[in-house]
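One chain, chain A, links the two complexes that follow: it is found with chain B in the first and with chain C in the second.
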Partner chain A sequence: MSLPLLLLGGFVASALAPRLCKTLPRLGALLLAIWPLAFAAHLFRLAPDILAGKPFEHAIEWAPALGISLSFYVDELSLLFGLMVSLVGVVVMVYAASYLKGHAYLGRFYAMLLMFMTAMNAVVCSGNVISLFIAWELTGISSYLLIGFKHDKEVPRAAALQALLITTAGGLALLAGLVMVGSIAGTYELRELLANGDLIRNHDLYGWILVLILLGAFTKSAQFPFHFWLPRAMEAPTPISAYLHSATMVKLGVFLLARFYPMLAGTPEWTALLTFFGGVTMVMGALRSPFQDDLKAVLAYSTLSVLGMLTFLLGLGGKVALKAVVLVTIAHALYKAPLFLVAGTVDHATGTRSVRSLSGLRTKMPWTFATGLIAGLSMLGAPPLLGFVAKETLLDASLASAYPIPTTTAAAITGIGLMAAAWVAGIKPFLGEPSTAAQRAHGVSPGFWLGPLLLASLGLVFGLVTALVAPWTLGATAAIQGAPAAFKVALWHGFTPALATSGIVLALGTGLIALRDLLKDRLDRIEWRGLPRPSTLYQQGYEAMFVVARGLTDRTQSDSLRDNLSTILFAFLLLGGYTLYRLGGLPSPPTVELHWLEVGLGSILLAASFAAIRARSMLNAALMLGVVGFAMSAVFLVYGAVDLAITQIVVDTLTVLLFVLVVHKLPRFARLSTKKTMIRDAILASLAGIFMTFLVLKAHQVNVHEPISGFFAEKAVPEAFGRNIVNVILVDFRALDTLGEITVLMAGALGVYLLVRSGEAKAKPREVQGT
Partner chain B sequence: MEWFWAIIVGALFATAIFQLLRRNLAKLAIGLILLSNAANLLIFSSAGLTRGKPPMVPEGVETLAAGHADPLPQALILTAIVISFGVIAFFLALLRLASQRLGITDLEELKE
Partner chain C sequence: MKASYLLEIATRRLTPLLLLFSLWALLRGHNAPGGGFIGGLMAASAFGFYSISFGPTATRAYLRVDPFMLIGTGVATSLFSGLLAWFFGKPFLTGLWTKLDWAGGLKLGTPLLFDVGVYLTVIGVTVSLLLHLEED
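Moving on to the complex of A and B:
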């Protein structure tokens, strides 16, 4: 089975989920978990080739005229993310079967989850940036639905909306950046873009492109100052938080940066922006994380910190930093998802996630404790777990950077904060005397701990046997930098500066753990005021948007036809006038001399139309309009439009008759407008007239396309057997148009008839009722 | 010649638009008629004007020689004339209803 079909299968499974969960409430979830398992198996089958340096490629034409195709490009980086998404997905799906057992909307939950999972896999396997973007937005929409899963409560709804607004606003910026990249390089195909990185980096628009793409990545990966949506998104059910907000969706921004690394990285702008924003996010997250009281908040802030760390490392660039990116990504997925699930289990068993009221849970749920312990130790960065290897590489990369002191300090502070957070979230709830909440806790079934324990143990296995992750790390690093990589992945690197720094971090981290409760008391007493918070700015901007929109609508649209018309005219003149001005070039001078007949007809036309608008009664106006119409038909006659002349005479006669018959009873025109509005309208109308004059003159110069009249002139006799070409066009070449026209007239005639009838009925209601 | 008709078109549009901006419903109808005439003349004149040579193929010849009036704008305008007649007829019927039933001839009063 091929990759595109498998992806399609994900959407099919998503559509089937609600029905399946209804008929098989227990087994349904497990059956659905086959999809991510199959996807992972497929990736494993592709893996040998890909790791040997032959990416999987496949293209389906979609919109070839626009250069958009549904193409797939799976290299080592895609492989890594695809496996992470699928395998963590399996664990989350199995876990959710226990966590949400008997939930009324279980089917809906799985449908959204599968849709999200498929979209995620589509992003990482995408080979065309436009199809990548579409899948990217799909993850945003499905995550909106997942965060707002408890839709009957207001807080989750608001959190979901905030996440959606922020990530899609970034998505729009991303699209603009991608379109710019595509039009510079002349292709949207990922492989060709990555091969032409110099073209983009040396382009004048590089700065804009970088900022736009970074906006997309930073919003999705919750980088400062867009970070605040992530902790709020913890309103989602815990399996969702474990999945979306640790291992998958928030990593997409990082994935994008890694994906475009060969195209965008290596410039001073790249390094400055990524290390600054990544560094701020990393330190801020790490410092706030251990002092939260909600278990999920602790994990959310630590996730922020890790996302910042990944961005920071991508900003530093170079072989060691990229190796750290890969290792941190793997380690993080293996410890953060289990920790979230452990928090969910604790919440399920005790009914609380408050750190203060949780302790001594180890006897009630030993296996969950084991999971928390292993995952927590990996997050702590304790040997021999994979987290330790990742942290060592991080310190290595910051020591090797151009500014080792600030970068290493930031990395060390982060390490210390994350240590305390790991302690608080993964280990502390299980130690000590059982609290009241722990005493009331119920035991948990294997469904709660089997998957998380498996994931967490992988972190231990990979740390002990680094040979298992080495080829993947090498491959993914090579894929990110776009060139082969060579290094060792090992638990023990000998006595290096990184090890020494690590030792300091370990010591200080232990100190922070010991002092955490004391410090938290102190910190809680401080009132944080005066600092401008990004979330407040967001809220103000959000409200301002409505104020502006309402103001704009009130100013430009009203229930008065005249005001609306004036607005439209004004905008039309402004935009159209600007376009005419841009086209430039004075209209051609008169080429053909005027005949006295033409001057006469034109003058009559003008005089009659002015008389029509100055008329004080309907009858006078109707007469003058008649003159206008007859003058028009004379003009048509002069310039060889016989049919038009005839039609115009007939229609004009009918119009005048109708006018007289229908509205002869109307009162004389009252002067309703003030002098001021009259003058304003006259100016607007004159400007429109002048614009139209120039438009006509310009039309003689502009020739967008060869006229098709030649075709009609050539084919009228031999193919349509008519000598009057205008008639032939109407009844033969464009016969369907004429049919449409007749239909419109029929409808109009019916409307007129009904309107006139209903007017009579209302005027003499009794008579009608009597008959 | 082009300049002359371009100015006439502009003037027709100006009168039509001025009339459309009035409050009186009947004047709106006048504006609509003027507007449709202005639009027709706009298409007619911007396609290029040829004096006295209608686009008809003479007997005995298979195709139309160059130098005749362009048949395409004529066909378009023919359609436009008829459709705008339909629109105006409908509007006049509405106008009659408004004055008969509600006694209203002022657009601003129609809002309530």
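Moving on to the complex of A and C:
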């Protein structure tokens, strides 16, 4: 029970964050960082059992009728990702306290960050694919808010929207895939699904399922051709980029692929799709990364490359490739997050992130330099850092694949590109003569380098003492492949083909570093035209969507209430008439004995309706409609529907009130319709009325399904302890519907508010409100 | 525009009564005609009358909290009443009941809490609509 409670605590902490940061601006952030720390501590407490092969499981029923439960399944893979998310989260939260010191929206920042963090942990700990999907979408929404954190600027808003649209479109595909998987296997429980992989793989719909799930994973993990949202998302403040784009959000797609590996992998389709798209992303990112000028862009493209690498490795499959997946994931989190934070510190101190104008920063910020150096060396794959071990394993896996020449070439090119990128982002800004920007730079407080240095040093420690990561690597590999794994994790593997390839990569990478500036000048002079770019296609699609939507709205929506009503009534007559015909035509005439009360009320209704039509002022018309309403409620009373009658009375009172409030704003009463349209409307209205009468009569004579009202009447008192069946239905039997309805009401109220506000905004400039 | 004295005095006396009445309708709803929706509409019309007599600014002051606050609290309350079932190992939205012996065997359950949420939401939505139309 403690894991679900801890997750709930994350959302509570998120809700408390704005208030806390307002009362304790300095200490608040550090207090909030307790949450990820506590979550990590809890995972460490669970670790011995899990690493011994006993995953933590806990289920809470949610909607058992639909097979949806809130269940948790924490195995070695969840453990690895959960620890990464939480520990990097602590570092980012502490760092942001310095980076965003005194920012007006600091509380909001932490609220979003904690929400995101909790959602991430919920995804990796989910044991039911539906609850996994809900948490998955929650990460999308919170990352949208985080990327658009500078919401008063146009560019970050557009970047955030793009990321949201692409990832949620993928999310929809994913949901479809998951539902298909669920209906084939008859369960949404992860453990049962993973145990029944053959059932899915041998099913006729496997191809569709694979494509749908891959769409979800590829959009989230920014794989080619959906990669372009990631570099644009660099509009976010640097701590957010460091978090979202190193260890968390973009790794989710990879996590999903690893999670479903026992269920989906091993087919030719899987291998072909993953190695192709992963390989393209990997090589493209590595080649573009070193030639960016913005430090964050260098890191963004190198992240793309690593994400591609992970997909590629999962595509290759097999023990060595999966071991490489785990090692690359750990190493990447440990060097990429510090490098992003280093870029943020440099930006904060000098006011620029341009590679061209940065050099010689080592004297002004020695500790930041140390961080950049260690993390950069790990990224370029130098021994004895963990990055070296990861790169060796990558080369091992490519050499052992079915097509060693193309895969190893791709891996080697990636290694070379990433080396140069590591140099540009982590080391180059600190070397050489101080540039003008570096001379003006201010020194930085420990809050800026303590956390990042710690993370980067872990990469060194883990490389030197591989025994520290070995059990986690073994466990996570076993969890991915769904079978025990046995191998060694070591810095030194002896003289192997991988070592030789690694040597070639090192030599060529050093060459690329030396030639980087020269090459960049050449490349900048080339105009890249004529190449079809996925981002352009996206933009065109985005604009086309608006054109279609506007055209559709113009054609179907009219400002005239009468036109809209006519359309509705006409459709009602047409479709309803067809249904009536299908059910055996007109109803047989009813046998009724009219009570004098019914006759009286009926006459009042008719008279008031005609009076409303003939009224010569708005007020009269409204009053007459009020009479209709009250007469209707009297009818309800006569037939014993007291709740309905009360509701009708209250609603009518409110309608009259509303009318009184707006009547003086309405234009003067006028007759605008010609004789002809009036006759047409009268015919349509009468037909609709007559048809409705038929329908009501028919409803009494046809019995398509057994009515459910008997069930409600029978169960209301014994099961829901209520004698008012209407209320029992609303708050108990159909409470989910009611919950949906009040949510719709809420959305409606917000809509009215926005409409009124936008009317005001046109009249006067809108004031900006703080948190 | 000044409303009539008759209306002002009547509203001043009637609004608290109407609000009390709406609460009564809310509480008796499970066994007799009433409930959160009807109660909410009643309370909202009480605020509506108040608004006609004294204007939107005075109504906001009389209400003390922002209508949106009521909506948010309402939806959250209903959601929470459903989530409570999880803590007792039951599916979402399962009604939980307890019998208070010290209060003469009064039965209290999460459906009432749910209904309170509906009540608050309906008041919030309707009042915010009324006020926005009047302020516009």
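We adopt the following convention: the second predicted complex is superposed on the first by the 553 of 771 C-alpha atoms of A that agree within 3 Å, B and C clash if a C-alpha of one lies under 4 Å from a C-alpha of the other, contacts with A are read in each partner's own complex, and residues count from 1 in each chain.
Following the convention adopted for this analysis, contacts are C-beta pairs under 8 Å (C-beta built on N, C-alpha and C of every residue); 3 or more make two chains touch, one makes a residue touch a chain.
Just so it is clear, the structure is predicted and the values come from calculations on it, not from any experiment.
By the touch criterion stated above, A:Ile60 is placed in contact with chain C alone, chain B being left untouched. Using the contact criterion defined above for the overlaid structures, shared-chain residue A:Thr647 touches chain B and also reaches chain C. Once the two complexes are overlaid on the shared chain, A:Thr738 sits against chain B and chain C alike. Contacts of A:Leu657 after superposition on the shared chain: chain C is touched, whereas chain B is not.
Set side by side, chain B and chain C differ in how many residues of chain A they touch, and the one touching more is B. Of the two partner chains placed by superposition, A:Ala41 touches none, neither chain B nor chain C. Applying the stated contact rule after C-alpha superposition, one finds that A:Ile405 touches neither chain B nor chain C.
With both structures placed on the common chain, the touch criterion links A:Val752 to chain B and to chain C. Within the superposed three-chain model, A:Phe610 lies in touch with chain B and out of touch with chain C [touch as defined at top]. In the superposition on chain A, A:Arg723 makes contact with both chain B and chain C. Across the superposed pair, chain B and chain C both touch chain A at residues 642-643, 647, 651, 654, 658, 662, 665, 723-724, 726, 730, 738, 745, 748-749, 752, 756, 759. Note for the complex: chain A touches chain C at residues 60-64, 70, 642-643, 646-647, 650-651, 653-654, 657-658, 660-662, 665, 720-724, 726-728, 730-732, 735-736, 738-739, 742-743, 745-746, 748-750, 752-753, 756, 759-760.
Of all the residues in chain C, the ones that touch chain A in their complex are 25, 29-38, 41-42, 44-45, 48-49, 51-52, 67-68, 71-72, 74-75, 78-79, 82, 86, 89-93, 95, 97, 107, 109, 111-112, 114-115, 117-118, 121-122, 124-126, 128-130, 132-136.
Remark: chain B residues 1-24, 26-31, 33-34, 37-38, 40-42, 44-59, 61-64, 68-72, 74-75, 77-79, 81-83, 85-90, 92-97, 99-101, 105-108, 111 touch chain A in the complex. Looking at the complex, you find that chain A touches chain B at residues 559-562, 565-566, 569, 587-595, 598-599, 602, 605-606, 609-610, 612-613, 615, 618, 621, 625, 628-629, 632, 635-636, 638-644, 647-648, 651, 654-655, 658-659, 662-663, 665-667, 669-670, 672-673, 681-682, 684-686, 688-697, 699-700, 707-709, 712-714, 716-718, 723-726, 729-730, 734, 737-738, 741, 744-745, 748-749, 751-752, 755-756, 758-759, 762-763.
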